[in-house]
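Look for chain A in each of the two complexes below; its partner is chain B in the first and chain C in the second.
For the complex of A and B:
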C-alpha cells in the first residue's frame, strides 16, 4: 500500500500539470479576444491568470472545478437542489438498484445457461446481441415506454443500469460456474452428490473470483447506465441532469465538477467491491 | 477359514469408445475376480484401459458389453450405496476449504450428523498421519500431504472398497516410497479391498496381493499374478529374490503385450 503512494501521486501531479497547460492553450483565444476588444496588451502572466479564471472557459482549471465542488457539496445543504451530493444520491440510488437487479438477472441467466442445454444454445447469442445496441439509442425508448405504462422515477433509470450491468455478470458467472474440471465433477459423482449439492458446494464457491471481477465491471457500467438514463428525459435531478443542464448553458465548470463527482463515485463503488472481494476470498482461503 | 467373498467381479467386459477417428477398444473381454481384503494393482502402458476399468467399477464409464458387479450389485447401485472411495491422480482438494473441511465434504453430502463428522475427520487424519493439519488450507501443504488428505477424504465415509487411480503418479520417488509404506499400513489396519492403478512395476509388486498386467489395443488382461510375498513388507523386501522374481514376471507380461503390435 505504502509503496504505491509515490507512483500514484506522481501520476496525479503530472496530470494536473498537463491540465493547467491545456487550460492555458484552450482558453487563450478567448482571452486574446477580450484583450483586443478592450485594447489591452496581454503579458504572459496576465494571459495565464485570465485563462485560469474565466467564467465559462472551454476547459476550466482544476482549482476552479475544485472550488465548484467544494461550494456545491460542503457549503450547500444536502436537501438543496443545487447540492452535488443531492444529485449524486439521485444517481447513486438508481445505480445501486440497477446493479442489484443486473447482478441477480446475470446470475440467474448464468445458472440457466450452465444447467440447461437449450438455454446454453439460445440465450447467449441474445445476451451478446443486447450489448451491441448503443445504449444511447435504446435508453430514451425504455424511459418513454415505461412512462407510458405509468412507471417513472427511479425504476426506468435502474432498468438501463441493469441492462448494462447484467452482461459482465452473465459472462463471468458462466465461466466461473464452469470452472470446476472434469475430475472434480467425477468426484462429486462418486459421492452420489445431487445436482444442487454440486452447485452449492462446488460450482458456486469455485465461481467466486469470477463473480467479483464481473461485479466490478458491472458496477461501473451500472453508473454509466444511470447517468445515460438521466440524459434523454430532461430529468431535473441526478449527475446526468447536471451534465445536461451544464451543457445547455455552457457551464463548463458545472459539467466538469459533475464529471469528477461521477468518477469519484465510480471509484469508491468499485473500491468497496474490491474490499469485499479481498475479505471474502481471504476468508475462503482463496487469496 | 472360509473362502473369501468376491467383492468385484467382471465378466466378458467390453468397452468401446466412439471417437471421430473410429471406435477405440478400451476394454475387450476382461474377466476378473477381486476378493474381500485383496490389494489388486493394475499395471500396463498408457492406453491399456486400466483407468477405464477402474472407472467402470466406479460407474464413471458405462461398459458396452459384459457385466460388472461391485458387492454383488451393479456399479450404479454400489455408487448409490456409497460403497467405494475413489482417489484420483490429482488430490483435487477444494482451495476454499481447509483440510478438515475437505474431508468433511463427502460427509456433508451424505448427510452424516455434525457431531459424527468431527470424530470421523479426526480418525482419518490420524490414519494418514495428518493429525493437527485440520485447520490448514491445501496450499499450505506439500504435494504428498495433499494426496494423503485426499486419501483421508476417500476413507472418511468408511466404504469397504478403495479405488485408486495412480494416486502417487505425480510425486517424487522418495515421497512415493514413504506413501507406499503408509498405504500398506493403512490397508492392514482397515482391511479394505483396494484396486490400485499404476505404471510403476516396483510399486505394483511392493503393494499388491494380486497384480493384473494389461496391454493396449484392445485393452485386455494378459496376466494375473498372485503375489507370493508375505503380508508384512518392509521397504527392503524389494531387494529379495522373491520380489525380483515377481517383478521379472510382470515385466515379461508387459513385454508380451507389446509384441502383439
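For the complex of A and C:
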C-alpha cells in the first residue's frame, strides 16, 4: 500500500499539470480574440494569467473550480438553493434510497435463484440480459410516467438507481451463496442441519466477501442513476440539475464543480463501504 | 375482465411450463427455452394488465401498440440508429478501447506507472464519468463527434484497468519457461502474455458495450442534431408519444444485446482454452 503512494501522487500531479496546460491551450483563442479587439498585445505571462481566470472558460483551471466549490459549500448556507451541499444532499438521498431498495431486491432475487431451479433457469438469463439494455436511456420516461401517476420527488430517481444497483448484487450474491463447496455442504448434512440452518450458518456468511464487492459497484452505479435521473426533471435541484443548468448557460466552472462534487461523493460512499467491509470481514475471521 | 383473466392464466401456464422444463434433464434446449417462455409470459401479462385495467396508452402502451409503432416508423428508427449507434457509439468504442489497450501495453513495461495508474484508473472507473457529457458536448459540438468523445471517456478506464490486470496474470513459472526458450520481450508479449490477458481484455470489452450505448444516448440529452436515439427519446417524452419511446428502447435493447452477444461469441473463439469456456 505504502509502496504505491509516490507513484499515485506523481500520476495525480502529472494530471494536474496537464490540466493547467490544457486550460492555457483551450482558453487561448478567446484570450487572443479579446486582446485584438481591445488592441492589447499579449505577452506569455499575461496570456497564461488570462486563461486561468476567465469568467466562462472552455476549461476552467483547477484553482477556479476549487474556489467555486469553496464558495458554494462553505460560504453559503446549507439551506440556500445555491449551496452545493444542498444539491449533493438531494442527489445523495435518492442514491441511498435506490441503493437500499436495489440491494434488498438483489439479495431476495439471488436467494430465489439459488434455491429455486425454475427461477434459476428462467429469470437469471433475463437478469443478465437486462444489463445489456441501456436502461439510463429510459430514465426520462420513467420520471415522466411516474410523475403523471402522481409519484414525484425522490422515488422516481431512486427507482432508476435501484434498477442500476440490483444487478451487481444479484450476480455477486448468486456466486457467493453458491461458493461453499461440496465438502462444507456435506459437513452441514452430517450435522443434520436443516435447509434454513445451512442458509444462515453457511451460505450467507460465505457470501459476504462477494456481497461487499458487489455493493461497491452497486453504489457507484446508483449514484450515476440518481444524477441521470435528475436531468429530465427540468433542472430543479440535485447535482444532475446543476450539470444541466450549467450546460444551458455555459457556466463551465459550475459544471466542473458539480462534477468534482459527484466524484467526491462517489469516492466517499465507496470508501465507507470499503471500511465496513474490512471491519466486518475481520470480525468474521475472513480477512 | 377477460383481459385480466388472460393475464392470470398466461402467468400460470408460463410458470407451469417452466417448472416442467426445469424438472427435465438439463440440456441446451431447456436452457434456451426456459428464459424464452418466461419472456413471452411477461409480455402476455403486460398486454393483459394494460388492457384489463384500461391503463392510459399515454402512460404505458401495450406491447401490441409498441409493435405496431415499431413497424410503422422503421425509417425514423433507422436514421436514429445510424446517428447514435454507428456514428456515436461504435466509433467512440473503437477509439476508446483501442487506445486504452495500447496504453495498457505501454505502461506495462514500467512498474512505476503501473503502481501509479492502476489505483487512479480504478478510482476513475467508479466515478460518474457520464457527468463529463455536457462538457464534451460543449467542446466537440452537437454532432456525433461529441457523443463519440463521451463514449471514449466512458470505456477507456474499465478497459485500461482490465488490460493491465490481464497482462500481469501470467505466473513466474510461465515467464521463466519463455526465458528458457530465449524469447525476448516482444515474443513473450505476443506468444504468452497477450493470449493470457485475453479473458481480462474481453471482460473490459464486454463492460464497454453497454457503457458505449449509454454514453452515446445520454450525451444526446445535452444537445444533438434533430436525429439520434437520445434526442428522439427526450423529445418524444415531451410530446407524450411514449409508444415511439418504447420503440426506441426496443431498438436499444436489441442493439445492446447483439453487441454484447457478438463480443461474447468472439471471446468464445479466442479464449477457447480458458476454464470458464470449457464445460
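For the reader, a short list of remarks on this structure follows.
The rule we apply is simple: the second predicted complex is superposed on the first by the 277 of 287 C-alpha atoms of A that agree within 3 Å, B and C clash if a C-alpha of one lies under 4 Å from a C-alpha of the other, contacts with A are read in each partner's own complex, and residues count from 1 in each chain.
Just so it is clear, a contact is a pair of C-beta atoms (placed from the backbone, for glycine too) under 8 Å apart; a residue touches a chain by one contact, two chains touch by 3 or more.
Just so you know, these numbers come straight off a predicted model, no measurement behind them.
By the touch criterion stated above, A:275 is placed in contact with neither chain B nor chain C.
Once the two complexes are overlaid on the shared chain, A:41 sits clear of chain B and of chain C alike. By the touch criterion stated above, A:7 is placed in contact with chain C alone, chain B being left untouched. Look at A:186: by the touch rule set out above, it reaches chain B but stays clear of chain C. Shared-chain residue A:285: touches chain B; no touch with chain C.
Among chain B and chain C, the chain that touches a larger number of residues in chain A is C. Once the two complexes are overlaid on the shared chain, A:197 sits against chain B while remaining clear of chain C. After overlaying the two complexes on the shared chain, residue contacts for A:205 are found with chain B alone; chain C is out of touch. The intersection of chain A residues touching chain B with those touching chain C, taken from the two complexes, is empty. Across the complex, chain A is touched by residues 58-60, 79-80, 82, 84-86, 88-90, 92, 94-98, 105-106, 108-110, 137, 139, 157 of chain B. Against chain A, in their complex, chain C makes its touches with residues 15, 18-19, 21-22, 30-31, 34-35, 37-39, 58-60, 112-120, 123, 126-128, 130-135, 137-139, 209-210, 213-214, 217-218, 221-223, 229-230, 233-234, 237, 240, 242, 245, 248-249, 252-253, 256-257, 259-261. The touching residues of chain A, counted against chain B in their complex, run 183-184, 186-193, 197, 201-202, 205-206, 208, 284-286. Those residues of chain A lying in contact with chain C across their complex are 3-4, 6-12, 15, 26, 58, 117-118, 120-126, 129, 131-138, 140-141, 144-145, 148-149, 216-217, 220, 223-224, 227-228, 231-232, 239-240, 243-244, 246-247, 250, 252, 255-256, 258-259, 262-263, 266-267, 270.
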